[in-house]
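Quick heads-up: structures coming right below.
In what follows, chain A forms one complex with chain B and a second complex with chain C.
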Partner chain A sequence: MSKLVTLTIDGKQIQVPAGTLVINAAKQAGIEIPSFCYYDGLSLQGACRMCLVEVERVPKLMTACTLPVAEGMVVRTNTPQVIEARKAMLEFLLTNHPLDCPVCDKGGECELQDMAFRYGAGEGRFVEFKYHVPEKQWSPVVYYDAPRCILCYRCVRICDEGLGVNALGVVNRGVRSEIAPNRGDHLECDECGMCIDICPVGALTSGTYRYQTRPWEMSHVGTICTFCADGCKTTLGVRNGIIIRANNRDRSGINDEFLCIKGRFAFDFVHHPERLTRPLIRTLSGFREASWAEAIELVAERFEQARQQGGRIGLIGSTRTTNEENYFLQKLLRQGLGSNHIDHRQSGDLVSLLMATRGREGALATTADLYHASGILILGADLSQQHPLLAFQIRANYRHHRARVYVVTRGPVREDQIAARSLRVAPGQELEALESLRTELQGLPDLVVLYGDSIKGSAVARLVQWCDSLAIAVRYVCLLDDANSRGALDMGLVPDWLPGYRSLDQMNLQPGLCWEEMLESEELEVLWVVGANPLRRRHLKRRPWLVVQELFLTETAQQADVVLPAASAYEKRGTFTSVCGELQQLQPAAQVPGAKTDLEIASLIALQLGLELGPADPDELLGEIHRTVDGYNVDLPLVAAGAAVPTGPYPDVAAVAVRVDKIRSREDTLFTAGSLGQRSQVLTSVREAPGSLYRG
Partner chain B sequence: MARKISILQAAAAITKGLGVTLREMLSPAVTEEYPDAPPSFEARYRGRHILRRDENGLEKCVACFLCAAACPVQCIYIEAAENTAEQRFSGSERYAKVYNIDYSRCIFCGYCVEACPTDAIVHGHGFELANYHTSALVMRKEDLLEPWPKQADVALPELERKVS
Partner chain C sequence: MRFSEQLEAKFNQLISAFPPGRERAALVPMLLYAQDEVGHLTPEVIQEIAGRLRVPVHEVDEVVSYYSMLTRKPRGRYHIQICTNISCMLLGAEQLLEHAKQRLGIDCGEVTPDGRFSLEEVECIGACCWGPAIQVNYDYHHWMTPEKLDRLLEELRKAQ
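This part shows the complex of A and B:
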């Protein structure tokens, strides 16, 4: 803990740690110092001159955003001189800024508007013509209107420091200065839209939200992004049941304000014209639309037959359904239909890690740990592409705490920029390469190890053993693909263990078929696919009766006997567990008439079958999960309040034979995301799509 | 004597009264002959809204939503969209794709007119809004827009003032 310094701001005496900037010290004292270019977490700029304050015994006004506190310093923020300086600064900023607030997308949430209202003079004295250049489109999602720009450099800094992309810069001089993209007239970057969010004025605007509505016209729903496993909170702006934009400006959630292109723009799949809204039943001549009652009755009839034949039904679940749905589905299958053929596409080997670290406290790292740990070891993953939030956290850690980052991958990754050492090895050879890092890692107080899908089975045990030999505090993150991949493992949506990684023996079950075996099995009468697309690149050898719950008519749904239109994660309540094990709640934002949530569909089937499976309401099911599933005995009111609550530990991890060859990451880039990604107009329209991993 | 005085007083009163009548007969009439004749209005009478056009016939409304925000009864519903090179509706980048006013809720307070930064919405003098169906009271942009080319018989209030 650094030394405390006492200073006086506007007559208030406060104590803050040495090195604090005056602008932050004032914030702690409850005094606002206006600023544009200062941004928490980014480097200092001192460009906008809005934060000028008077410091005793200093002849000129000082910029509070670049001035560290000093013992006995006396700062005044409300003297006539300061007030006059702010007015003058705003007048300068507005010399060329067009007064098109009624049309500007930022109107209503514009920092310049707010500042002009609070600190401005109300009238400008400039009568000259305003300098004008036409608006430019840099990419499908980013527009730049140079006259509105106040050159605060926030976008330049977030792109360089936050994302490590460095796609923006400033060109020209004086009144002609403007932000320029890295490819002259267009952008080639992550298309994350952070620059749009961070822009204090309407200079950078979003191509998708453009001229759609105004901020106060939307209702804002905080929910969890349905794409990758990082669990970013995204606040959806909704109007008339339609999602119009997504951002996280309130900095709630584990991601602060970070979102990648998927979280910020790719919600458009929800309102895709091809969304299924009526159940479909196969006839000889193709599909016909049917009522829910008819479809559910038909499905229940076939399920009942399969049950009577001794559980000849298999379930392939999803990595984007909620914990409640996964829990209910496995309960329906195991308890109701007497089958243990239940699986989903596994993308990382977590259970081997849990087995290897059984009985240890704090073996799993949280998202916050990535920001605080003094060492980070990345094994076999292109984090910036596959896990943008984790990469963002690690970059912030490097920037703020000088974390030592070690990268062991098969090709160049963006983390090489900040890495202390980068090693290139063939997939599966990561552990052999580690030995050369031993002495460096041993010097660290603590380490977080992130490993991808190339490290699985016995390799995980070897990794843990090797890390133990370093004799430092090590925590692990098993990298997984999708929004609720972790939850699917935790909820036992697998043939090898029960919820909470309990042994199958507790229910006297034998390990069931994995999803690839289900597609080939002679044994199954009915195959039930919930939100997965296993037939994307395969064909069924022998076609069982196929029920598919899907948003779209995917390759799998096209071969189904009954297709039930399902709701996406943006349309339902429930919880997701992030890759780092944080439990977070979803809130329904959009409305797509006709679709039902997977939980509702499963409970209707259970009802039709006459099964007593307990409540099928998301909140009540979460209560049941809280009571019965290991690791989920968490603070539920916190979850309900929108916090990210770490799950675990798992005291009773079963000893299972890991099906190593079935664990495979889909290796999504920033611009791909399975069947949802294909239906997102934004993801498919950007120039960078589909992108590739290990390009640096 | 008393009788003579009272006769004279009565005569004076009648003369005075007839004087008023005579004077009023010569001054212009205030009686409205509505519905037999069209009523007359003060210029600032707040009747049915008119969405105005600029001198090029483009809609003045830029869909800034400020009227809807100012409306105390939330009777204004707007959907915005962007003008394209092929289809230009308003003079600015954005235009109102949908602009509805629900006259079953409107209280004719004039806040929307005050809020409008482009003087696009003004009160006209239309007041015959009664209908047997409330749904018919929701008027769309097409119902509210000033006809183009301008027609002489559309009574517009004299609000042509320069925005400084």
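This part shows the complex of A and C:
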């Protein structure tokens, strides 16, 4: 703990840790000092002069955002001189600023508007013509209107410091100063929209949201991003059942305000015109539309036959369905239909890690650990591309705590910028390279190791063994691809273990077929695919009867006998578990008439089959998971309140023969996301798409 | 691209004058010297200097656009800079500027068709005691009048 300093602000005596800035000390005392350029977590700028305060025995006004507290300091934030200065600063900022708030996209949530209202003078004294330049479009998602810009440098700093992209700068001088993109007239960047989000005024606007609505016309639904595994909280702005915007301005969630292009812009797949809204049944001449009742009846009939033949049905599940859905699906298959042929596309080997660290407390790192750990070791992954939030956390850790970052990858990655050491090795050779880092790593108090899909099976055990030999505190993150990849493993959506990594012996089951085997197997009568696209690049050799639950007519759905239109994660309630194991609640935001959630569909099938599987309501199922699944005995009210609650540990991890060759990451970049990504117009329209890994 | 031998030597000396990792501190002088040699900062020059100092091109653009002495546009062989800041203005700089425009037949920011002259209105050049003051390339001329300006232009027109 740093030492405490006593100071007085507006007559209130307060104590704050040494090094605190006056602007933050005041906030702790409940006193607001207006500011524009100051931004928590970014470097200090001192550009806007909005935060001027009087400090006793200092002749001039001081900027509270750059001034650290000192013992005995006396600060005043409400004297006539300060009030005058604020008015003057606002008048200055408004000299060339258009006064057309009613038509500005930011109206209603603009910091300049709020400040002018609160602290400004009613009239400006400038009579000169305003200096004007036309608005520019820098990319499909980023627009810039220089006259509205107050040159606070927030966008410049978030892009450089936060993202490590450094795509924005300031050109020219004086009133002609403006923000400029890295490629002259356009951007080449992550297209994350963080700059738009952080802009206090209407200077940077979003290509997808601008002029669509007013902020107060939307309802705001806090839910979890459906793309990568990092689990960003996103607040969806919804009007008439349609998602119009995604951001996380309230800085709730493990991601604070961070979102990458997928979380911020790619929700448009939800309202894609090709969304399926009616069940389809194959006839000799192709698909015909059918009612839900007819389709479910047909499916149940086939399922019943497969059950009677001794469970000759297989299920290929999804990494974007909820825990409740995955739990219910495996229950339906195992208990209801007597089959253990259940799998999904696995993208990382977590179970080997759980086996190797069995019985240890705190072997798995949380998202917060990435920000606090003194050392970070990245093995075989391009984090900035594949795990934007984790990369963002690690950069923040480096900025704020000088974390030592070590990178062992097959090619250049952005993390090299902040790395103490970067090693280039062929995939699979990562562990051999580690020895050269031994002395450095041994000197660290603690370390978080993140490993990608090239480290699996016995390599994971060797990794843990090697880290044990460092004799320091080590926690791990097994990198996985999708929003609920982790949940699919935890819920036992696999042929090798039960929910909570329990042994199959508990249900007297033999390991089932993995998804690739299911596609080849002679044994299956029925194949049930829920939210997966296994036939993207292959054809079935022998056709089992195929049921597909999907949003779109994917390659797999096209080959189905029955297609059932499913709802996306933005249309349902339930929970996701992030790659770092945080359990988070989804809330339905959009409505797509005709589609049903996978849980609803599965429960209709179960009902038709006359199976007694207990409740099929997401909240009740979460209760059941909480009671029965190892690792999920967490504080449910907290989850319901929107917090990210760490799961684990798993006291009873089965000894599993890991199917090493089936574990493979899809290697999505920032601009791809399997079949969902292809249906996002934004994601496919930016010039950086589809991007590539290991380009630095 | 390569610059002249002398300039290359100067660049090497400049870059080595700063501690490793801080080479970018040489940016402004390098730009200025390169501009003196090439005439203006072409995209190739900017690219080259950015590469040598490992600074992103758009950061070099920030610097170039900030300093009015750095230019991306070709200038005349003689770049006439007329100060119209307060002291010079009180002593007739505005008339002087008007006169120069007429004589050269160009506006500020333009170059004469023969490429000999370009004209720029500048802020205080630190010669207020001797105003109106002008600067031609790096040379100062004090106590200017329209007549003195005419004579100067005539001389420069004849110069080889």
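What we mean here is this: the second predicted complex is superposed on the first by the 696 of 696 C-alpha atoms of A that agree within 3 Å, B and C clash if a C-alpha of one lies under 4 Å from a C-alpha of the other, contacts with A are read in each partner's own complex, and residues count from 1 in each chain.
What we mean here is this: contacts are C-beta pairs under 8 Å (C-beta built on N, C-alpha and C of every residue); 3 or more make two chains touch, one makes a residue touch a chain.
These numbers were taken from a predicted model, which means no experiment stands behind them.
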Fit or clash between chain C and chain B when superposed on chain A: fit
Vertex chain A angle, Cα centres of chain C and chain B, expressed to the nearest 10 degrees: 80
Contacts of A:171 with chain B and chain C, given as first, second, both or neither: second
Contacts of A:103 with chain B and chain C, given as first, second, both or neither: first
Which superposed partner A:180 touches (first chain B, second chain C, both, neither): second
Partner chain in contact with A:559 - chain B first, chain C second, else both or neither: neither
Which superposed partner A:211 touches (first chain B, second chain C, both, neither): first
Chain C versus chain B - closest C-alpha approach in the superposed model, Å: 30
Chain C-contacting residues of chain A that also contact chain B: none
Contact set on chain C toward chain A in their complex: 56-59, 61-62, 65-66, 68
Chain A to chain B touching residues, read off their complex: 100-103, 107, 210-214, 216-217
Residue ranges of chain A touching chain C (in the complex, touch as defined): 166-167, 169-173, 180-184
Of all residues in chain B, those that touch chain A in their complex: 62-66, 68-69, 79-82, 92-94, 117-118
